[in-house]
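Listed below are the structures to be examined.
In what follows, chain A forms one complex with chain B and a second complex with chain C.
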Partner chain A sequence: MSRVLRSLRDGIGFDTLLIIIALSYLFVFAGLPLIYNVIISFQQVDVFSLGTLWHPNVGFENYERVFSDPLARRVLINTLIFTVGSVALQFTLGFAAALFFHQRFPGATWFRGLFLAGWIMPGLVVGVLWNWLLSGDFGVINHMLKSMGLIDSGIFWRSDTAFSLYAVMMANVWYGMPFNMILLSVGLAAIPDDLYEAAELDGANAWQRFWTITLPMMRSTIGAVLALGVIFTLQQFDLFAAITQGGPAGSSTVAQYWSWELSFREFDFGRGAVISVTMIIVVLFVSLVYVRSTRAETRL
Partner chain B sequence: MTRLMMTTALTLGLTATAAQAEVTLSLWTESATAPEGVFAREFSEMDNGITIDVREIRFDDLVADTLRAFATRTNPDLIAIDNPDHAAFSARGAFLDITDKVAASDVIDADAIFEGPRSSLSWDGRMFGLPRASNTIALYYNKDLMAAAGLDPDSPPTTWDEFLEAARAMTDPANDVYGVAFSARASEEGTFQFLPWAQMAGGSFEDINAEGVAEALELWKTLLDEGLASPDTLTRGQWDSTGTFNGGNAAMAISGPWELGRMAADAEFDWGVTLLPVKEEGGPRASALGDFNLAIFANTEHPEEAFVFLEYYQSQVDRVWPEFTRLPSVAGVELAPTGDARIDAAAEVFAEQLESARNRGPHPEWPRISRAIQTAFQSVLTGEAEPQAALDTARAEIDGILN
Partner chain C sequence: MRTEWTNRLLFVIALVLAGIYLFPLYWMYVTSLKTQSSIFAVPPEFLPGVPQWRNYALIWDVANIPRYMWNSLVIATGVTAFTLFFGAGAAYVLARYRNYWIDIALFLVLMLQVLPPSLMVTPIFVGFASVGLLDYPRFGAILAISAKTMPFFIILCRAAFMTVPRELEEAALVDGNSRAGAFFMIVLPLARNGILVAALLIFMQGFGEYVYSASLIADNRLHPASIGMTNFLQPNVVNWNAIMAFAATYVTPIVAVFVLLQRQIVNGLTAGALK
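Coming up: the complex of A and B.
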């Protein structure tokens, strides 16, 4: 008995206890809902059977209905474009800004801090702001483009099927860029200065220093930022709700929005779950990347 | 019955039951300043032992939040719910069957409730609520712009052709003026705005691909293709669309009486309201029946007290027009003057339009039916489908839901 107690106080028992606490928390609040989500994707769940634990089993019917839906193809393509486009732009702009503010000039840290102002705003507020900016008739963006002579008549960002997805993407890039910048700034700050000094002495120019020192040293940070970017982008819902509601004619519907529509507009929770299960599989792969890159971080 | 008399009557009648304990009921609604919110506050202040907590939930979230709450049995005692959503709840037994209570009530007369609202809250011949009010859509027009375009401001368009011509005549891109503002959004609002046009052309939600409905869609498409309405019509709700009319950026607007108060305050021009134009001279009229119903949840612990609130609501129904510019859903209520001549003139138009207003459903799967209709008009307006083909697809989808 005393051995167990001692082990609990100071030893392997204590470690195990801590792990059990964390794991059971994860299991109850993340694991169970995930498993339940997988289960209801094989069941017929409507509004009024939602409260009961078990529902009629329908096998793969929900999956067949979702994947044979005329909207499915478009949603898949939209999700792909939105995720790849958003992450690529957020990352590139975020990295550029991080490098820029890494240069030591007066006020650099202040300006970097200001960028975060956008990121701390709630998604719905950002969505409403962009909704106004993107308005076809009275939007500021159209006004600017017109004054600069780039366009003759307003672009209907939200209502033109050729633009609606990119309108939301624009808002999302603006919204997510500061987060990328901050994480990458931290990565940049962690690279020891003497590496650059040594390289400079050896005659490496700025471009060479970037390719041979900055990028390799940032590999784990970049992996983490990209993985988080994909996960956050796949979670992006508020902007769609505020700007296009997935429309017009489904032209800006992405997987996460469709899942919500099926569940909470059409009240078919089974089909809604099918989409989230599919998304979980994708996110699982991305998480592996994230875990691998953060593991490399601890080794450094 | 005046408010004071009613208050006294209710207070006296309730003393027996209420003396035992203070009862608190919860009411969810889209707006605390709507009649049920205001009446609930008055009701709580009365000395009847019943307090009502009013919780405001955004219109777009009301049904979803309520369903979530109902699934976990944390739903309110009372709710004000959009009438096409009512059937889903009553068909599954979520709402209290008040047929017998109404029959026994001295205040509520079921037979006086208009046919449309009554059908929206009925299921299997039983009553599951009380209409809050009724509304419908009609055509608002800017008299100054009509005169400027050489049209007679006192004879607004009455047929689809005249309507289209008026829209063309008044569209003025140089001054940022569109001919008409309406909503073709992919939401219940879009269905609400489209169905009347389909019905005037001889269709209905069960028969959405009827001959003629394609013409209604063509009309909408013409409005957008010729730039007579803003392309943002596809993503904008009715309130925002009518806002552009109030700002002088649209010469006509299709919307309901809920706009009157704001319009009277904001619009710096002379305006009027007329019935929705019909397809051809003498053709059938149609409009949408809107507004909310009040219902009691079947699992409430205080059905009696909740019903007393419904009785109070009904007793105040003559205030619904002058104070909230909403049309009462019961026969025999005079629309009292509001003090604004334009609003009083609009009252007559909306009351007449309401006679041809048709209910959406009732059907427990209305959201899916509505979705099929939205997909049809959105795919046509964005040029992705031909009108008849889109309507045929919607018909097949709706048939699958109905049968």
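Coming up: the complex of A and C.
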């Protein structure tokens, strides 16, 4: 017994204890729910059977009902559009901003840091802010578009089925852009200056330097940032809750919102779990890409 | 090589870009200080008129702001405490060793970082309901949120621990400290700044959290300010000055802390984010 105690205080037992308490916490509150999720996706879980650990088994019925739902196709397309659109715009704008602030002018770092003020805000507040900015009659964005002559009459961003998904996407691009920028700035800063100097001596112009030095040197960073972008976009929920609530008529419902709606609006936790299981598999696959590209960079 | 004028030009462009980006925040504050009629002015009034500070006073009690803010504070404090207590040691071990087992543990932590809360909340809700944790909803929410914040915290903290030279710890051991003693007396104080920044980020996440609180907490008296905002939004959907005053009250503490500690936050984030 005293040997165990001594090891805990002074040997490998100390490290083991530290890591075990964290991993067991994560096992109980993340690992077990993951397993339980798969189980309840095969069960009928409603308000009546909620209080018990085990619920009536229904086989694949939940899966069949979700995938034959008329909304399923819409949700799949919406999730794809939202994810690809958000990540592409966040990344492009973030990269452009990172390149701009990489020009080392006085105050560049400070200005770059200011952008994180958006990223640090609660998602729900960002959603409410954009809800007001995008208001149909009195929204300031419609006003600006009108005064630039881009539109004649106000777009009803939140209540027009053709625009609702893009309204949330705009807010999400604003919200996620700073994080992309910061990560890409770190990657840019890691490229040795003498590479550029050598290329400049060889007569390469800025455009050529970007394609032959910056992009290849940033490959693993870009991989990580894109993967993280997909992961964070698939986590986005608050903006939907605050701007469109998935509507109108499901036009801005994405998978992670639909799953929550089935569970907490229709109280059909089995079907909510079906989408949850499916999407978590997708997310874990993407994060494998992310972990691989961070490993390539730092050799953990 | 680069002239004074290019620098000035870049500076002005940076100013414009930051202005465009931060416009939504500016618009929140300006709207919150307008009268009911001037929020609907066409064209919009971009500069504030006479500031209507009473917008803030009016919503303070009507919208139950003190209660909501208190609940947010309780949840954020609980989440930070749990995350620090369970996560800091693991971050240290993951920073100190490099072997097969550590690789596996690190991989698991990275994988758990990515699980979307709105998907995890279904099994967590059903599980908590069956073991009776929903009877203590704020505590349940703290437990669930901490599982979400901990992997991120471990990654950030690990970077902070990696900056502590191993030699200092070894010197402490030679001087007769135990491993535990060296950890608490030498390593923790040296990594303090990185840990504090990481804890601050976790606190802010807890302060603004929505999904778990909205799903696990049924009692309105225990709701945090994020849910308070949605509750306030529905019946007041034309009173944008009041809604923006609520939003401003909610985020001003966060924005203030960010402005004060901008450099530390950016550094902490960039150190841990990719490594």
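The rule we apply is simple: the second predicted complex is superposed on the first by the 271 of 300 C-alpha atoms of A that agree within 3 Å, B and C clash if a C-alpha of one lies under 4 Å from a C-alpha of the other, contacts with A are read in each partner's own complex, and residues count from 1 in each chain.
Methods note: a residue touches a chain if its C-beta (ideal position, glycine included) is under 8 Å from a C-beta of that chain, and two chains touch if they have at least 3 such contacts.
These numbers were taken from a predicted model, which means no experiment stands behind them.
In the three-chain model built by superposing on chain A, chain B clashes with chain C. Legend: residue contacts after superposition of the two complexes on their common chain; A:285 is shown touching neither chain B nor chain C.
Looking at the shared chain after the overlay, A:50 reaches both chain B and chain C.
Contact with chain B, but none with chain C, is seen for A:244 once the two complexes are overlaid on the shared chain.
By the document's definition of touching, neither partner reaches A:210: not chain B, not chain C.
Counting the residues of chain A that each partner touches, chain B and chain C differ, and the larger count belongs to C.
Applying the stated contact rule after C-alpha superposition, one finds that A:21 touches chain C and leaves chain B untouched. Look at A:160: by the touch rule set out above, it reaches chain B but stays clear of chain C.
Of the two partner chains placed by superposition, chain B and chain C are both touched by A:264. For chain C, the stretch among 19-27, 55-63 or 127-135 that collides with chain B in the superposed model is 127-135. Annotation: chain A residues 50-51, 135, 137, 264 touch chain B in one complex and chain C in the other.
Every residue of chain A that touches chain C in the complex is listed here, in rising order: 8-11, 14-15, 17-19, 21-23, 25-26, 29-34, 36-37, 40, 45, 50-53, 97, 100-101, 103, 105-118, 120-126, 128-133, 135, 137-138, 140, 143, 147, 174, 177, 182-183, 185-187, 221, 224, 231, 234-235, 237-238, 241-242, 256-257, 259-260, 263-264, 269, 272-273, 275-276, 279-280, 283-284, 286-287, 290-291, 294, 297-298, 300. Partner chain A is touched in their complex by these residues of chain C: 2, 6-7, 10-11, 13-15, 17-18, 21-22, 24-25, 27-28, 31, 39-40, 42-44, 82, 86-87, 89-90, 92-94, 96-98, 103, 105-127, 129-131, 143-144, 146-148, 150-151, 154, 178-180, 183, 204, 207-211, 214-215, 226, 229-230, 233, 240, 243-244, 247, 250-251, 254-255, 258-259, 262-263, 265-266, 269-270, 273-275. Residues 64, 67, 70-73, 88, 92, 94, 176, 185-187, 230-235, 244, 249, 367-368, 371, 375, 378-379, 381-382, 384 of chain B touch chain A in their complex. Of all the residues in chain A, the ones that touch chain B in their complex are 47-48, 50-51, 135-137, 156, 158-161, 164, 244-251, 264-267.
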